[in-house]
Amino acid sequence: MSAQLLEVVDVAKTFDGAHRPVKAIERVGFTVAEDEFVSVVGPSGCGKTTLLRCIAGLAPPTTGCTLLRGVPVTEPPPELAVVFQDYARSLFPWLTVRGNILLPLRRRRDIPGKERTAAEAIEAVGLAGFADHYPWQLSGGMQQRVAIARALAYRPRVLLMDEPFASVDAQTRADLEDLVLEVRRRFRMTVLLVTHDIDEAVYMSDRVVVLSRPPSVVKEELTVGLPADRHQITTKELREFARLRTAVYVAIKGQEAPSPQATAATAGG
Amino acid sequence: MASALSEEEVLGMRSPQIHVTFRGAPVVLGLAGVALALAGWEVVARTALVSASDLPSASLVAGELVRQVGRPAFWAGVGATMTQWGIGMLITVAVAVPAGLLMGSVEAVWRALRPVVEFLRPVPGMALIPLTVLLWGLSTASVVFLIVFGSVWSLAVAAMYGARNVDEGARDTARSYGLSRLERVRWLVLPSALPFIATGLRVASATALIIAIGAELVIGVAGLGHDMAIAQTAGDVVHMYALIVMSGILGIAVHLVFSGVERRFLRWHQSQRPAVPA
Amino acid sequence: MNGRRLRHLWLEIGVTAGLLTAAWLYLAGDRGYAWTSVPTMLGAFRDAWLFDKFGEHVVPSLVRLGLGFTLAVAAGVALGVLVGSSRTIRLLSQPIISFLRSLPAVSLLPLSLVLFGIGTAQKVFIIAFVCCWPIVLNVADGIAELDATMLASARSYRVRGLDRLRWVLIPAIMPRIFAGMRISLSMAVLLLVTSEMVASANGIGFFVWQSQLTFSIPDMWAGIILLGLLGYGLNLGLQVVERRVCRWHTHLTGRDE
Amino acid sequence: GGAGTEPSAAVRTITVGVQPNTPFAVVPLGVRQGLFQKHGLDVKIKVISTATTIPPALLADQLQFSNWSFASFATLADKKLPLKIVGPGDTAGRTLENDYIQLLTLKDGGATSVAGLTGKKIAVNSLASLTEVQVKMALKNAGVNPASVSLVPIPFPDQLAALTSGRVDAIGAGEPFLTLAKQKAELNALAALNAEIMPDLPLSLWMTSENYLQQHPEVVRAFQLGLKDSLEYARANPDALRKFIPEFAGVDAAVADKMILPTWTTSVDQAKVQRIAEIMHEYGAVASTPDMSKYILPFPIEAKG
Amino acid sequence: MSAQLLEVVDVAKTFDGAHRPVKAIERVGFTVAEDEFVSVVGPSGCGKTTLLRCIAGLAPPTTGCTLLRGVPVTEPPPELAVVFQDYARSLFPWLTVRGNILLPLRRRRDIPGKERTAAEAIEAVGLAGFADHYPWQLSGGMQQRVAIARALAYRPRVLLMDEPFASVDAQTRADLEDLVLEVRRRFRMTVLLVTHDIDEAVYMSDRVVVLSRPPSVVKEELTVGLPADRHQITTKELREFARLRTAVYVAIKGQEAPSPQATAATAGG
């Protein structure tokens, strides 16, 4: 692992609530190294999306800051792509699937054969045949896959993903996980993934950052010592995998985990 | 304006009336509406309500219109009006849409222009007739000036509202993928604003027509309005109403053209999606 | 945020001051018979409106404007919802609406005299008749473009009838209603002048028209300036109302940040 | 350059603004008869629908000449607009037979004399204008306090409807609406309104801008000569005028046959014109009494050189 | 179990696609008895949402029909409530959390103490303190919980839910699952749940309907023979639970399942 690519420095965020200000993030700090894959997990409403928006330069933190290669982020950096949690709103309804994927590529001189790149991305997320459909002609899961395809085709140096697999079935999810890992390796991306799925966090990451309930702080950071090459079946059969999953579970719950069987079930929920 | 949503979806209930869904429905229903209105006019004109007045019956006016349609002078008037309207609309669109989008997306621009825009918007062009004649003469230029002055604001305001209609999710996406300012205008702001601009265009095109005719009438530049002025001073009420009806018919024609264009450019839009999916 | 708001205020004040100065300097020279110098305009403005003819002309105009605009909004929203909600009604009414919207206001004057006589009603009719169309169109289009999931949600919970109108449709198209109202309000001020062209012996429009007939150029400008200020003030008020009513829309479009 | 006809070298094209009303038909009729061509002018007629566009159009040299009225000229003179009266048009008739602006009521229940109009509503074409003054003078002449009636500005075309629907009790109607009204409804004619002001009231005139006069006095003179010929032609050929009106002003031929025609004159009565300005001032239609003589050119002006 | 409450009779649905018609549902038929809890699982884009819309009376099938108590459904029946997959768009942004929950209750004479009912529902989904917030002031998971609270407060006889727990963390998800089961028992609701989570389907249901890839048909129907009272830990420890989970997995995959450990992980994904 090389130098720190991304630094989240004491970020705090307070919103105007209904009656009084809502402190969403108390104080969160962690770093992501070049080419690292970091997952962020935490309870619903703890500020994961907010944090991602701060890192992407889409919203300023109330206090603290985020740095990319040591430079404070105030605007979305060009080498970064985001898969938004609210995928339906992030797709442009006036563009087809292909149009949505091609749009960010317009200015990318460094990507030759854009049409082919887009077609490959569409194919890779299992949407071959739907390139000319509009987002509103697709199911929820299909829309979410368009958003993923767009981000992958963009080949960013840094990829931020906010629960990108929430709306797809288990099989598709596993395929997409492997797709992201594969693309990440091929194009040397640094990835920050927000997920509610503990297995997914462990399976995909080099490190897992666990956030507390709001006002949130970093509750724990776990380094995932699994072999770099992951496989849906063999990796998940490893004892280390089971140990890590339990460790994340414990970090979230702040208590001892139940039996492995139940943990798997609950965590998988 | 062809809606995507079925009546039930919008009204929240199944409407009791028969669903008219055959192909020619727009034309047939439209004509039915016109027939209904004409019948209403005929009744009003023939009953006591306004019988003592100068409102001629629909049939009388229709007869006059048919007579006028055979005269080249009538078509010269129509042609002149539509030419002036066309030039005026072109300038209006060219100025208002970019200006409105800019005002809607850059707060500083809006604040800088707001005093002028909000002050000039309610200034009646017709009240500036002496100034207009002094500046542009008794000519087409005057009419075009008044058309632009009268309709540019409403379209600009529509475009401004449209530009503010960009969904935050879409905006964030565009920003995070580093779309340039120009790309954002073309691929994000413009499509988001299009529904408002489409409505604004329909409003402005009718306003422009009204102003064209009004300006011709007042300034005395060739066109339907000028013919109206002559009919008016001559006391030829039937001719006058025939010309008024003609301006309404032009309004329908203009509407048809614009909604056709709209259907082309707003195919993706909620309002244009197929009604009850087969 | 506060700093930005202050900057915008200064921008607005600065630009206004700059433009006024430019106009002042430009009009100081002889610019022809339809112009007059800014001090002359301001003098005429003071003589006309502070507060000599205020009661005589401004008050009746405000009454006509208020009634006409209110009627335009009420009729515009009602008609717009009706037209936007039903395909049948829409197809039936579209040609007539396009027709009525294209009638020159001046040509409505004779009919309005016949129908409403020579009082306030006739002016209110002229204003309301012409000003309701931007609202009708915006509302009808707004209804037609409502989000399908949102409507399905209302339908599946059987929010219907007046509840649906009050709690779903009207709030959902509020941005559209305001877009229409912003255009209508300025049109109402314009139509004030047209409506006061005939059968009127008072009102700002009458004053402007009379100044024109008698070639009192400074008075004409005094009237025009008052109309501009009136429209400006009313539109500003409308924007304040809009900001409060459409707060949710501002948030959904991310303009609050 | 044409071969043959007289002053071909000097033919000059001018644009003359004319409102589509009978009193102003005299110039287009003269043009039709070649009476201006005779004096070296190729006249283009520009039909003007709204009077307010005329002064700016003259000042901007969009028009070289235009029709106007003496009463309204007092307003222009009051504002010191640089315009000049180049010649007369018509004067008013003296009786209900030949005055084309009349005070009318409905035969059915309307007042039968001016005295009966106390406290009533009367429609006039516009306020602060000759029509307002006319009605007020008629009332005063009949011993009615003008302050007791309310004058409602309703344009000529819409007056009859207002009368028959009971919105007003009397109207001050002018041709062609006078004839039209009499055809459509049973009416009492209470007064010849022009005659109420003074006998032989000077009505229409033709004017140009001071600037144009200075630059092209010879054209002004030529126009005056053509105008004079036209006025004389119109006086001598009323039937030609009646035939010309439908084509020029769009008036129905049947109405044109019955209309009260203008009384043409070839001189400007300075004293009467000045008196008009005084009356306009007295009735508050203008702010001062301008010296009208400053604006009246000799008819015709002297030829230069 | 009593008579058939809901009947899906040979429903097929074809959409206008970009180039040619898209046959989303080939032919789907199944029934749901009174008070039964049925889950529908199937790959992304197989027509689950479409099916739910047909059952709710929100869209007509191309052929076939849906019956509620033997009556064809053409309109949303009054006794039915829906939790939409696209929860963000199903909430009214001009109403607060409380307003969104109260709106459907306005005309419900049979629910006394509406304010209290709403407050209880808000509390139950863990949003106490957010009653006066607007949907856009909430995180994705919180919005989804508002949609669930609205449906529960409505106390429908039939509840249709389209991936209602997709955006919440594992712990919240488990809590919400139990909440739905509890409310369902208390008010005797019939529930049809669309989910991507096989564990969830088995844990909550009396029966699981597995749909095939599009054009979809019913691939398998599995009766869940677990005891009526479910518990997140103990139920999931049952052998029968593991057997059913594998059965569903096999039905979806159409092949033999991998080792239980891996199945749990993947299915839980």
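When the chains are written out, they are named A, B, C, D and E in that same order, and each has its own residue count from 1.
Everything that follows uses one rule, which is that a residue touches a chain if its C-beta (ideal position, glycine included) is under 8 Å from a C-beta of that chain, and two chains touch if they have at least 3 such contacts.
Chain-to-protein mapping (UniProt): A, E = ABC transporter; B = Nitrate ABC transporter permease; C = ABC transporter permease.
What you are looking at is a predicted structure, and each value in this text was computed from that prediction instead of being measured.
Visitor: Which chains are shared contacts of chain C (ABC transporter permease) and chain D?
Guide: Common contact partners of chain C (ABC transporter permease) and chain D, which must touch each of the two, are B.
Visitor: Between B-C and B-D, which chain pair is linked by the larger number of C-beta contacts?
Guide: Between B-C and B-D, the larger count of C-beta pairs in contact belongs to B-C.
Visitor: Can you give the whole-Å distance between the Cα centres of chain D and chain E (ABC transporter)?
Guide: 85
Visitor: For chain A (ABC transporter) and chain E (ABC transporter), what's the span in angstrom between their mean Cα positions?
Guide: Distance between chain centres: 26 Å.
Visitor: Averaging over Cα atoms per chain, report the distance between chain A (ABC transporter) and chain B in Å.
Guide: Chain A (ABC transporter) and chain B have C-alpha centres separated by 48 Å.
Visitor: What residues in chain E (ABC transporter) touch two or more of the other chains?
Guide: As it turns out, chain E (ABC transporter) has residues touching two or more other chains at 15, 86, 89, 134, 137.
Visitor: Got the chain C (ABC transporter permease) residues that touch at least 2 other chains?
Guide: 32-34, 110, 114, 147, 152, 154-155, 158-159, 212, 215, 217, 251-252
Visitor: So which stretches of chain B touch two or more other chains?
Guide: Only 8, 13, 50, 53-54, 129-131, 133-134, 167-168, 172, 217-218, 240, 269-270, 273 qualify.
Visitor: For a test of understanding, state which residues of chain C (ABC transporter permease) touch chain B in their complex under the given definition.
Guide: 7-9, 11-12, 15-16, 19, 32-35, 84-88, 90-96, 98-107, 110-111, 114-115, 130, 133-134, 137-138, 140-141, 143-148, 151-152, 154-155, 158-161, 164, 175-176, 178-179, 182-183, 185-187, 189-190, 193-194, 205, 208-209, 212, 215, 217, 220, 223-224, 227-232, 235-236, 251-255
Visitor: How about chain C (ABC transporter permease): which of its residues touch chain D in the complex?
Guide: Within the complex, chain C (ABC transporter permease) touches chain D at residues 32-34, 109-110, 113-114, 117-118, 198-201, 210, 212-217.
Visitor: Spell out the residues on chain B that touch chain C (ABC transporter permease) in their complex, using ranges where they run on.
Guide: So the residues of chain B touching chain C (ABC transporter permease) come out as 1, 3-13, 15, 17, 19-20, 25-26, 29-34, 36-37, 50, 53-55, 107-108, 111-116, 118-124, 126-131, 133-135, 150, 153-154, 157-158, 161, 164-168, 171-172, 195-196, 198-200, 202-203, 206-207, 209-210, 213-214, 217-218, 225, 228, 240, 244, 247-252, 254-256, 269-271, 273, 275.
Visitor: Spell out the residues on chain E (ABC transporter) that touch chain C (ABC transporter permease) in their complex, using ranges where they run on.
Guide: Residue list for chain E (ABC transporter) touching chain C (ABC transporter permease): 53, 56-58, 76, 78, 80-82, 84, 86, 89-95, 103-104, 106-107, 134, 136-137, 150, 154.
Visitor: Going by the contact rule set out above, which residues of chain D touch chain B in the complex?
Guide: 17, 19-21, 46-50, 52-53, 55-57, 59-60, 62-63, 156-158, 160-161, 164-165, 176-177, 180, 249-252, 255
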